[in-house]
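To keep things simple, chains are lettered A, B, C, D and E as they appear, and every chain counts its residues starting from 1.
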Amino acid sequence: MAQMVRPSGTTMILPYDQFIEHDNRHIDPNPDAANPDYICNLALEGGYNGVAIHYGLAKRYWTKLAGKVPLLLKINGKTSFPPQKAPLSVYTSYVEDGVRMGAAAIGYTMYYGSPRQDEDLPQLADVRKACDKYGMPLIVWAYPRGEAVEMKGGKDCSYAVESAVRMATEMGATVIKANIPVSAPGDFSTNESVPSYYRKLEDELMGLDAKAQKWERTKRVVQAAQGIPVLFSGGDQVSDEELTENVEACLDAGCFGFIFGRNMWKRKKDDALALGSKFQQMLDNSK
Amino acid sequence: MAQMVRPSGTTMILPYDQFIEHDNRHIDPNPDAANPDYICNLALEGGYNGVAIHYGLAKRYWTKLAGKVPLLLKINGKTSFPPQKAPLSVYTSYVEDGVRMGAAAIGYTMYYGSPRQDEDLPQLADVRKACDKYGMPLIVWAYPRGEAVEMKGGKDCSYAVESAVRMATEMGATVIKANIPVSAPGDFSTNESVPSYYRKLEDELMGLDAKAQKWERTKRVVQAAQGIPVLFSGGDQVSDEELTENVEACLDAGCFGFIFGRNMWKRKKDDALALGSKFQQMLDNSK
Amino acid sequence: MAQMVRPSGTTMILPYDQFIEHDNRHIDPNPDAANPDYICNLALEGGYNGVAIHYGLAKRYWTKLAGKVPLLLKINGKTSFPPQKAPLSVYTSYVEDGVRMGAAAIGYTMYYGSPRQDEDLPQLADVRKACDKYGMPLIVWAYPRGEAVEMKGGKDCSYAVESAVRMATEMGATVIKANIPVSAPGDFSTNESVPSYYRKLEDELMGLDAKAQKWERTKRVVQAAQGIPVLFSGGDQVSDEELTENVEACLDAGCFGFIFGRNMWKRKKDDALALGSKFQQMLDNSK
Amino acid sequence: MAQMVRPSGTTMILPYDQFIEHDNRHIDPNPDAANPDYICNLALEGGYNGVAIHYGLAKRYWTKLAGKVPLLLKINGKTSFPPQKAPLSVYTSYVEDGVRMGAAAIGYTMYYGSPRQDEDLPQLADVRKACDKYGMPLIVWAYPRGEAVEMKGGKDCSYAVESAVRMATEMGATVIKANIPVSAPGDFSTNESVPSYYRKLEDELMGLDAKAQKWERTKRVVQAAQGIPVLFSGGDQVSDEELTENVEACLDAGCFGFIFGRNMWKRKKDDALALGSKFQQMLDNSK
Amino acid sequence: MAQMVRPSGTTMILPYDQFIEHDNRHIDPNPDAANPDYICNLALEGGYNGVAIHYGLAKRYWTKLAGKVPLLLKINGKTSFPPQKAPLSVYTSYVEDGVRMGAAAIGYTMYYGSPRQDEDLPQLADVRKACDKYGMPLIVWAYPRGEAVEMKGGKDCSYAVESAVRMATEMGATVIKANIPVSAPGDFSTNESVPSYYRKLEDELMGLDAKAQKWERTKRVVQAAQGIPVLFSGGDQVSDEELTENVEACLDAGCFGFIFGRNMWKRKKDDALALGSKFQQMLDNSK
């Protein structure tokens, strides 16, 4: 893990697993972004502390960067095609592949709350056990997902995100990757399947202005992790202003760093480098 | 197991697996309780004979207490999100993890009567076999659950709890964790899917006053275990008076000890310490 | 196996797996029968040639009897709670546990005709293979069960029982445990899903008086086993007269012995000892 | 395999797995046929080149014949009770059992076209791999089965049988066991789910007289195997005349031999011996 | 892999797995094509750089060609009979079989987008890991399939094919086999479940004339593979002119080679040899 940490004790990682998760659509709007070599060079030039990719790309493209940009081998995935009511992210490679290639860490997506969590949790436990065996850090994508989550406020509400992040702590994650939560749907406070604590909390949060709400929701995510370092995702591409505000919220919350993909490689290269450099400075200054 | 037993031959354990079972809602009403360090210190200060937690917390927080508070590693779990008609509690870690960490015992949740018991029983048999191999005590959460149980009086009636406890004895539990049963629903005595013995018993128990009924139901649980020591859970937070009455009923029934979580860490720390101390004295005096 | 055989070449075994199969209801009418120590002593005093129990009871109670009453370790089970349309009896322990404990034989329940027989048969083949490896006798409970069986005459008709017994022979059982068949439902002879041979047979058997019919059905079960020794179960508790008649029918049919549980431990101890002694003499005299 | 081949390069095998496949009904009309010893003696006296049985019978009965009649150990099976829409024939024993017992070959039933072929094919691949490892011949029962087959002409039409036989060749069978096809249902030629080639073929075959059709269908089965030797089954019991005609058709088609069970052991012993002897002479004369 | 590459750095492979995938129908119109020896000789005479077959054919027929035509062992398959809504191509043999036989490469079919991709991806990851272990090249048939794909433009549209090809790159394919895409159905541009990028792209492609569209779609497939060599399939038999045009499009797109089966072995042998020779020259001249 040490090789993925900046002198300031923070990190900034470039994720590039979206061509599995979202199919080939992401060649728009920056067609260069479909080229793994372009991504690897962006990670190198941009001074990223790691690139998160699947095995095929690691083997063919990242090996050219070995020793220059740490590898975060993402070992499970799921495509956008089949129904998503009971998602399970399955092996695309294994911890042992990462060990053999010299990866700095393993990435695993946990779909918290999915009807198939009975398969997910033991799979994650197996991955964690293998990581323990090899002294390999484990970064858990803590993602609420599936029809049961959708019936209780959705994958992006504070209730779901905080619970998923806590679960990653319970399962033994070294680092947790999370999204910034947003407000729950209008019927949340009368949804009897949601705990009263979170219904009341949501009402309180909704009383805040948009920025204060974002700050509070983000801070609560870091607290839910109970000391396990949290990386925030960037999600869909947003404006420079919004992304910068998100960074500020996350830094104030005490995050460990960022893992921004589409918000980087969907921008023009110069813009991506400039923004990335700015966020790295903000990270360094935050400590 | 010896390290988890008080000189009086009893035990009092602090369970803290609820942030998996019930999601992150339990930060209310005592937000400190969301902090595993707080819990570990509560266990230490409170003189608990063990803390029951999952692997992630054991690895990051309990290790600071190693040698001071015995670890009961809970190795399976389930979240509150997906449907609960056919529950199965799956691995979050393994017996071997407990052995490696120096755990004093392994905790396992068996969902007696669940439509997925065909997966649960062999899983428990595997855990028991591994515990036998390593000389590791196995504490079984004997919990009736699932739609079939709900159709026959529910998870908390004497019929279900006694049967679950007996099953844990049959499966080879070292210690059994159970809840104090309550009365069955009104239609129980005419429910043809329930054995006549238990329908008749329920009618008799319903003829007793509330306290006598509690005493009798609790005593029967200990009898159902046929000599295997029984720990009683506290369940949802109740008043000091009710909790103390429950303790008296369990002691009269001849229980081995208590495993009270929410009733401790949801209280203010001083209150929790005072109550815990009181119950430990009662335990010691009962022998 | 030799240790489970009487000098007359017969055997009488006390089964006590009913607290798994039928839940805790069997504490009525003889509450002592819920106590495994009581059962073990009954087996010892009664001169039984084996006691059939699950691992938990074997480990905690039978060990006191080791060397005095042979252990028949029952290694699979199923509870009474979930739906029974497609039953599968799953591992509660393993052949290796029996080897380690010094069991004289392994007991396995095969649910012949169940929609889940695709899981049952390979599981039984695995058990048989392990028994072969260790030179361990395998006693197969040959039980027709499940919705497909119910549609073709039910679990207790001669067609189902004979077919199940034959299957146990084909699978490599050392000894087969079966029930005495009874007559099929009224619509059996017009049930097109039943082979014509058995429809005709049933018509013929129904032409006999009750006793002759029992004798013939029982004899056919032993014939269906084709030389593999057959143990007959007692099933639900019946009167002394009926049980004695059943014993006579089974002895005339050439059975290997009896495995009577509820008909023993549900009786008063003295009655059970007297009846058991009588049946052992009948067994010895039959050879 | 050599021990199962007649000097003329042909073979005649006695199969006796029907008491699993069809339950105990086959004790009619020749009750002796239910006796595995009777079958073993029939195989010995009749000069059969092998007897195809499951493990239980092999262990208890065939061992008396070891060195006299080669053993074809049938290692998978299925009963007649559960629904047959998506059949899968599962392990009743293993290749290693056959190796240990000195079997001359392994028998495996492949249900071509079954909705569960996703389990069947890897299971067959595993068996084939184990057979390769031990140098053990593998005889594949190439049987079209299941609801998808029924929708495309049924399990006995040329389209299904030829495709199944070809599949067995593709999977690596040493020898293939098949049935003589019969004509497809009336709506076959307008069934859009059937390939046009086979619809046209069926129309052509239907234009032939009954005998020519049988000759052509049988010849095509041998051709579909592409050089892998084919054994023809006898199926249900038929008259001496029909069975003899079938034998002639198969011999003209260039089959490797026969595997006739019910058509032998359902006949009176003398008749079976006489017919068997006649067919063996026809086999020897055919080369 | 080197043994499968022409001096010009290209390849031309003869696939013959269609008698599994499409049943025995392919004996029409060239019955010789049903004969694996005919195919092997066609591969040898035609100067093919490999023949792609399943284990049974490899073991019985290809071994005669060993050292003359490289073997591409296809290790998974699926028949045409069961429903195809959630296809999974399962093992018919294993990587280790290929290693033992001296195969030059392993072939694996990935059904991108199938509801059973949760089983497919780990299976492919296992195959890839075994190939890595043995230094064995892995050729992935990148095939979109299943009901979810059909709802989003179908298995042959550019969106599906490009996404599947990219997935094969992500999974670590050595070489990717793909089909030339065709236009999506009419409702594609208003299908909300399709990403806007591909809806817009399809509109643009539909504005081109037929040939330009084929050129562009083919070129995009090679680009989607991001440098991993692409082999194009021939699919159903088409005219000499159409096949030649397809070859030109693929060569202009920068493909690695061709894997033409039905378009070769369904033609008369001389025609197949002439066409194959022509395409090999075109391949050699393209570099």
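Here is the rule we go by: contacts are C-beta pairs under 8 Å (C-beta built on N, C-alpha and C of every residue); 3 or more make two chains touch, one makes a residue touch a chain.
Everything quoted here is computed from the prediction, not taken from an experiment.
Student: With a step meaning a move to a chain it touches, how many steps does the shortest path from subunit C to subunit E take?
Tutor: Contact-graph shortest path, subunit C to subunit E, evaluates to 2.
Student: Determine the centre-to-centre distance between subunit B and subunit D, using the mean Cα coordinates as centres, and give it in whole Å.
Tutor: Spacing between the chain centres: roughly 57 Å.
Student: Compute the distance, rounded to whole Å, between the mean C-alpha positions of subunit A and subunit B.
Tutor: 35
Student: Which residues of subunit D are in contact with two or more other chains?
Tutor: There are none in subunit D.
Student: Which chains make up the ring, in order, starting at subunit B and heading to subunit C first?
Tutor: In ring order, starting at subunit B and going to subunit C first, we get B, C, D, E, A.
Student: Quick check: in the complex, which residue numbers of subunit D touch subunit C?
Tutor: Subunit D residues touching subunit C: 19-20, 22-25, 27-28, 34-36, 54-57, 59-60, 77-79, 81-83, 88, 90-94, 96-97.
Student: Touching residues of subunit D toward subunit E in the complex: what are they?
Tutor: Touch residues, subunit D against subunit E: 112-115, 117-119, 121-122, 125, 128-129, 132, 144, 146, 148-149, 152, 159, 162-163, 165-173, 195, 197-198, 223-224, 226-228.
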